[in-house]
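Scrolling down, you'll hit the structures one after another.
First chain A sits with chain B, and in the next complex the same chain sits with chain C.
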Partner chain A sequence: MSTVAAAPRALRNRRTPRPRRIRPARIALHAFLIATVALWLFPLLWAIYAALRPVSETIINGYLSWPKTLNFNNFTTFWTEADLPYFYLNTLVIVVPAVILTLLLASMVAFCCTQFSWKFNLVVLMLFIAGNLLPPQVIIVPLYWVYLHTPIASFGSIDIGRFSFALFSDNGLLYDQYIGIILIHVVFQTGFATFVLSNYMKTITKEITESALVDGANVLRIWWSVILPLCRPALAAMATLLFTFIYNDFFWALLLLKTGDKRPITSALSNLAGEFFVNNNLIAAGALLAAIPPIIVFIALQKHFVAGLTLGSTKG
Partner chain B sequence: MANPATSAVPARASKAPEAGAVVATRRRRRYSLLTRRDKVLIILMVGIPLTLDILLIWGPTLASVLLSFTDWQGIGTVTAQNIVGLKNYKTLFTGYAFFWPAVEHNLIWLAFLAFIATPLGMLLAVLLDRELRGKRIYQSVFFLPVVLPLVVVGFIWELQYAPSDGFINNAFGLVKSGKIIDWLGNPSINIYSALIATSWRHIGYIMVLYLAGLKSVDPSLREAAKVDGATEVQTFFNVVLPVMAPINVIIVVVTAIEALRAFDLAYIFNHGTNGLELLSILITNNSISEASLIGFGSAIAVVLLVISLVPIIVFLSRAMRAQA
Partner chain C sequence: MKVRRALEARKLELPFLETDLPLNLDLSRRDILKIAGYGSLAAFIAACGGSPTTTSGSTTGGTMSIGSYQSDPGVKAGLADIVNAFTTANGGTKVTVNTVSHNIFQDTINAYLQGTPEDVFTWFSGHRMRFFADKGLATPIDDVWDAVKSNYTGAFATAVKGNDGHVYAVPTDYYPWAVFYRKDVFAAKGYTVPTNWDDFKALCAKMKTDGLSPIAMGQNDGWPAQGTFDIINLRLNGYDFHTRLLVGQEKWTDPKVTAVFKKWAEITQYYSPAPNGTTWQQAADKLLRKQAGMYVLGLFVSDEFKASGKQADVDQLDFFPFPDLGTQFDAEKALDAPIDVYMMSKKSPTLSKDSGQAKAFLQFMATGSAQGLFFKQAPGSIPTANNADTSTYTPLQKKAQQIVSAAGKITQYFDRDSRPDFAGANGMQSFLKTFIANPQADPTSLQGKMQQFWDSLPAEV
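Moving on to the complex of A and B:
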């Protein structure tokens, strides 16, 4: 035990003289970084400051003034008047199925392309990756048409108060439906997730799959009970990343959903801000409320988040 | 049965008389482990996602290309009469007032990200790639904007840029002196205002990607350079940067793709008009709004596609090399 513990200490000891020699540079570095951090946080802090102040006060004194009152009224007003919980729910019913389906499909493709060698596995991987790299606007025109002309069955809906999740479409189409949005997210993000997961699965030796095959397991079983558990870190990283990507989407929801009531919070916010809420204090509060879920995810799961991004880049 | 290498042989032998044996023997040994059911499962596991990918991404991409040669307006079917050849492109290049400004804005966007934001992200990564007190906090702060929805980023920066209520004009006394600058309304500067807001996000993104790359550099290289008397700057440019070639390519590709995809902020600030025209926005404005000039919108999409293929192909060829 003692030798194991001693090794890193010895390393550290060898390194300590180095920073000491460049002490002034160190101070300059910290000064620069602290200044940059202040610059980075400022827009966000300013938004929080504006959101905490009543509009009446900022009209009289301007935004650049010392506060007399600070309270959460703008937040509560926006929360209730915009019916914000409803739009969070919209986001939730889009994001959760989309993340799960993306991970399932992408891990299947990555599994089949990395654990078995067949003629077209590279081509298939490339198709997925390239598809994800395309700007979405390149495909939006025909996609919009496809969404308007694909018949989807209607089997009623799941209703929770004002919220109604159609099974699977309440207008017989893909357009203006939760499932339409879920579908495009799944298809688009599967490309990225496949890329990342296949990078990860490449490091798993094929012998695991081979011996499971010998033991009589079929490929579906191997994918589910052998490979997926081994990929747990990558799946966690991808889930975090996909949650943020899909939560933050603005474009698809803007173009493929027409009914304002079905919009997820991000695109609803831009609507609400233009139509109902005109004062900056309220809009700031609304924007911050919409930012809370990704910020929580980031703070709680920062490690996964960074891991996901780096898995996608460094091994490519 | 425990050793797959030995057990594979009898498995293949037992299957040899079956149909498809000719193919099977030509392939690698592990293939023979798969039963027909397994093969069907693999085809389904790849086939279903692939079909969706082709139907909803590659099909529409191809359709965009084909539709760009028509004057179709989205109603009824496309007939031979709709084919107009290169007319849409001719109109686009010569008769459409917003096209060249949009190309210019996309190029400015790309140049700004490539020459200012991305190098700043790299600089932050290099500065943070050392033992440093508070490193985690610095990293988290720089990365925070990356997780924010662009809609939120847009609103946050509108609070900075607003003409009479915004922070910038007030802080510099421009409101008092009556010299208000309309950061988002003035068509000659609003693209730079949007770019600063974008960079707020882009820099942190590049920083994280680059930090990961830097961590993978063999520390002994740097030690060696140090022993040879190289300064930190020399070490970076002559030792670290060349070793980082693969990640540098990724960073360039990511930057290019981000620049071509730019849409949200311009849309949120002013629906991509009056100085913020971008190719991505022209496509949607022409084909999905009331105008529904699908053929024309598709021609713009094809221009964007052709430009995007450059970074995509660079990325794929790198990925291919890594796979091989």
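Moving on to the complex of A and C:
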């Protein structure tokens, strides 16, 4: 009796209450996910909350208090006082050429090392990847002297209002020039970009290159018209990453530039901290504004970015 | 040349091409790249020749440049006003100011002065000034000082001398360190300003029973407690011992230093809670909100009061000099009053041309009227010139000026009087944090670590 009765119950149990049985785990999972999201968002939300409050209020009531006034004054103050558009432009003239140059050069190296078989194939690739492991701080003293003693020609400058981009140097040196910062970024990012792009290009069959050769395309043409279009997802992913890396840089600009007006946006943030007194609410607003461009770049390239992540995985 | 010859050779080889468009040479992409490469290389080489420098004998007109750490809106405007006044006064000298964020300027000063600095730069007095003078990165300006020294008190004259006896700086402003309090709190509770150590401790005890944190302390960033170390050491062991200790001519293991920490430990129980996790601004907020009774800090504490937006609070802020400890050195009335200065660089590429104008500017900075222009925009620090207009001073500023001119000896603060690596986060800042965390521990082991750290530092030049 009991076995007969037990069988359908077991069956029923197996069929219907299945989702119910998973529920505690699901609740735990979602609780965990929500907690993680909250943990991740907390600093950002806290910064937004602080940025919306005037500093006088937080001095008197502390940061852990209900707001009496919420406004965008910190944002507007930062925009005008820190001369934000000017420093955005400073960063732009460093980041954009640096990213483009890095991608061009790195894709050339990756192209040669993956699409052709020659003697030093692996050695060259290893050289570029090994360069990645070199901490930039190690070479800072010699590099500083190289920059101080490398003469660069002056052909005038491109002036947009207060902003002036020297072609290629306004003091005859590599030191204290936009071009010097662009070059050092290219040098230090090429290694990583080469590593990623060559891994991606390995997934492109050599037959494509070979058939292009048969069709009479020279090496540069194969690189530009055949391989680079195929690498678009990887290039977009790299562009996003490189943009963020170079955008975030503080170190090179700190060391190889001496003119405050040439420094990128990251230093505009520190311009707002006084000798002693720091308006943290203003800094929070500034940090949020400074974080916007990389997010825009990510949104713009995100389609390629995701494609780049998944495309490689299916090729196996 | 090479390119031209190559092109000529090509023309000779292919004469029939002349009939085509002249620019339609049979150049592959590679050739074009080659030409571009050689062309720009030639241009680079051509431009490499040294540019001729002209020396002008005149000190008026012309140009000069200033490297400035005055990056806050107020002080930046103050310097701009001075520059305009100088240009007008000096026959239209064109002044370029390179403003760099205050902290970045300090962090990169070493590289800055060895690179291509501006003619004149903003800096600090004390060891920080002498260090760069010793390294030959600053130009002595004895002639400027001779012209302006009658406008300064003797304490400033000592503060601008390098180790070689030459003058390297023109002092422009300063601010004193003292014990700050709120007048209304003292009045409401019937406290009186203590002048000696016992009264000071008694006041602390009374404040504690009244539910106040007697002394606000924010040691999170490491440097604020150095002010207390300075003043106790100055009162207990005197100016000479203090300055020698900070440059390594006395030992940190000296029993005199032990006495400083023992004395200090008598008041650490009155500090506000969690001093090592509190920033100076948060500690200042405690004084502002009447949660703390006193605060040993520089005059810049008023910045925090001002930022609160309530003038009533700013008006209540007052200070008194650190109490006497009953030693012979009380009479020195020494105190920390960091002096900001203008110096002349050595490696500026334009200095040979601009040195006349640069010296004229330094001389201009030594006048009370120029310093007054700065003070109007940046009231946080006090002009140094004797002939500065004091009529617009607030009571707090007047008092600051009085205690500094009454002081027999002026020190520049720990991190300006000692070498930066010793005063920094790995050195004294962390040692003082250790002390603040456990003030009752025997200080001798901590002193041993200080001396060990000092000995481990490389020679400074």
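Structural remarks
Keep in mind that, in the parts below, the second predicted complex is superposed on the first by the 268 of 316 C-alpha atoms of A that agree within 3 Å, B and C clash if a C-alpha of one lies under 4 Å from a C-alpha of the other, contacts with A are read in each partner's own complex, and residues count from 1 in each chain.
The rule is simple: contacts are C-beta pairs under 8 Å (C-beta built on N, C-alpha and C of every residue); 3 or more make two chains touch, one makes a residue touch a chain.
Keep in mind that this is a model prediction, so the values were computed, not measured.
Superposition of the two structures on chain A leads chain B and chain C into a clash. Using the contact criterion defined above for the overlaid structures, shared-chain residue A:270 touches chain B and also reaches chain C. When the two complexes are overlaid on their common chain A, residue A:133 makes contact with chain B while staying clear of chain C.
Looking at the superposition, the partner that touches the larger set of chain A residues, chain B or chain C, turns out to be B. Within the superposed three-chain model, A:219 lies in touch with chain B and out of touch with chain C [touch as defined at top]. In the superposed pair of complexes, A:255 makes contact with chain B and with chain C alike. After overlaying the two complexes on the shared chain, residue contacts for A:92 are found with neither chain B nor chain C. Shared-chain residue A:56: touches chain C; no touch with chain B. Of the two partner chains, chain B is the only one that A:41 touches; chain C does not reach it.
When the two structures are aligned on the shared chain, A:100 is found in touch with neither chain B nor chain C. Residue contacts after overlaying the shared chain place A:144 against chain B and chain C alike. Counting contacts as defined above, chain A residues 62, 144, 220, 254-255, 267, 270, 273 meet chain B in one complex and chain C in the other.
Note for the complex: chain A touches chain B at residues 15, 19, 29-30, 32-33, 36-37, 40-41, 43-44, 46-47, 50, 58, 62-64, 105-106, 108-109, 111-113, 116-118, 122, 124-131, 133-146, 183-184, 186-188, 190-191, 194-195, 206-207, 210-211, 213-215, 218-220, 223, 244, 247-248, 250-251, 254-255, 266-267, 269-270, 273, 280, 283-284, 286-288, 290-291, 294-295, 297-298, 302, 305-306, 309-310, 313-316.
Interface residues of chain B facing chain A in the complex, by the touch rule stated above, are 1-2, 4, 7-8, 11, 28, 30-31, 33-35, 37-38, 41-42, 45-46, 48-50, 52-61, 63-64, 67, 74, 124, 127-128, 131-134, 137-138, 140-145, 147-152, 154-160, 162, 165-167, 170-171, 175, 200, 204-205, 208-209, 212-213, 216, 246-247, 250, 254, 257, 260-261, 263-264, 267-268, 279-281, 283-284, 287-288, 294, 297-298, 301, 304-305, 308, 311-312, 315-316, 318-320, 322-323. Per the touch definition, chain C reaches chain A in the complex via residues 29, 43-44, 46-48, 51, 67, 69, 71-73, 98-104, 107-108, 111-112, 114-117, 280-281, 285, 288-289, 298, 300, 303-304, 307-310, 349.
If you check the complex, the residues on chain A that touch chain C are 54-56, 59-60, 62, 81, 144, 148, 151-155, 171-173, 175-176, 220, 254-255, 258-261, 263, 267, 270-271, 273-279.
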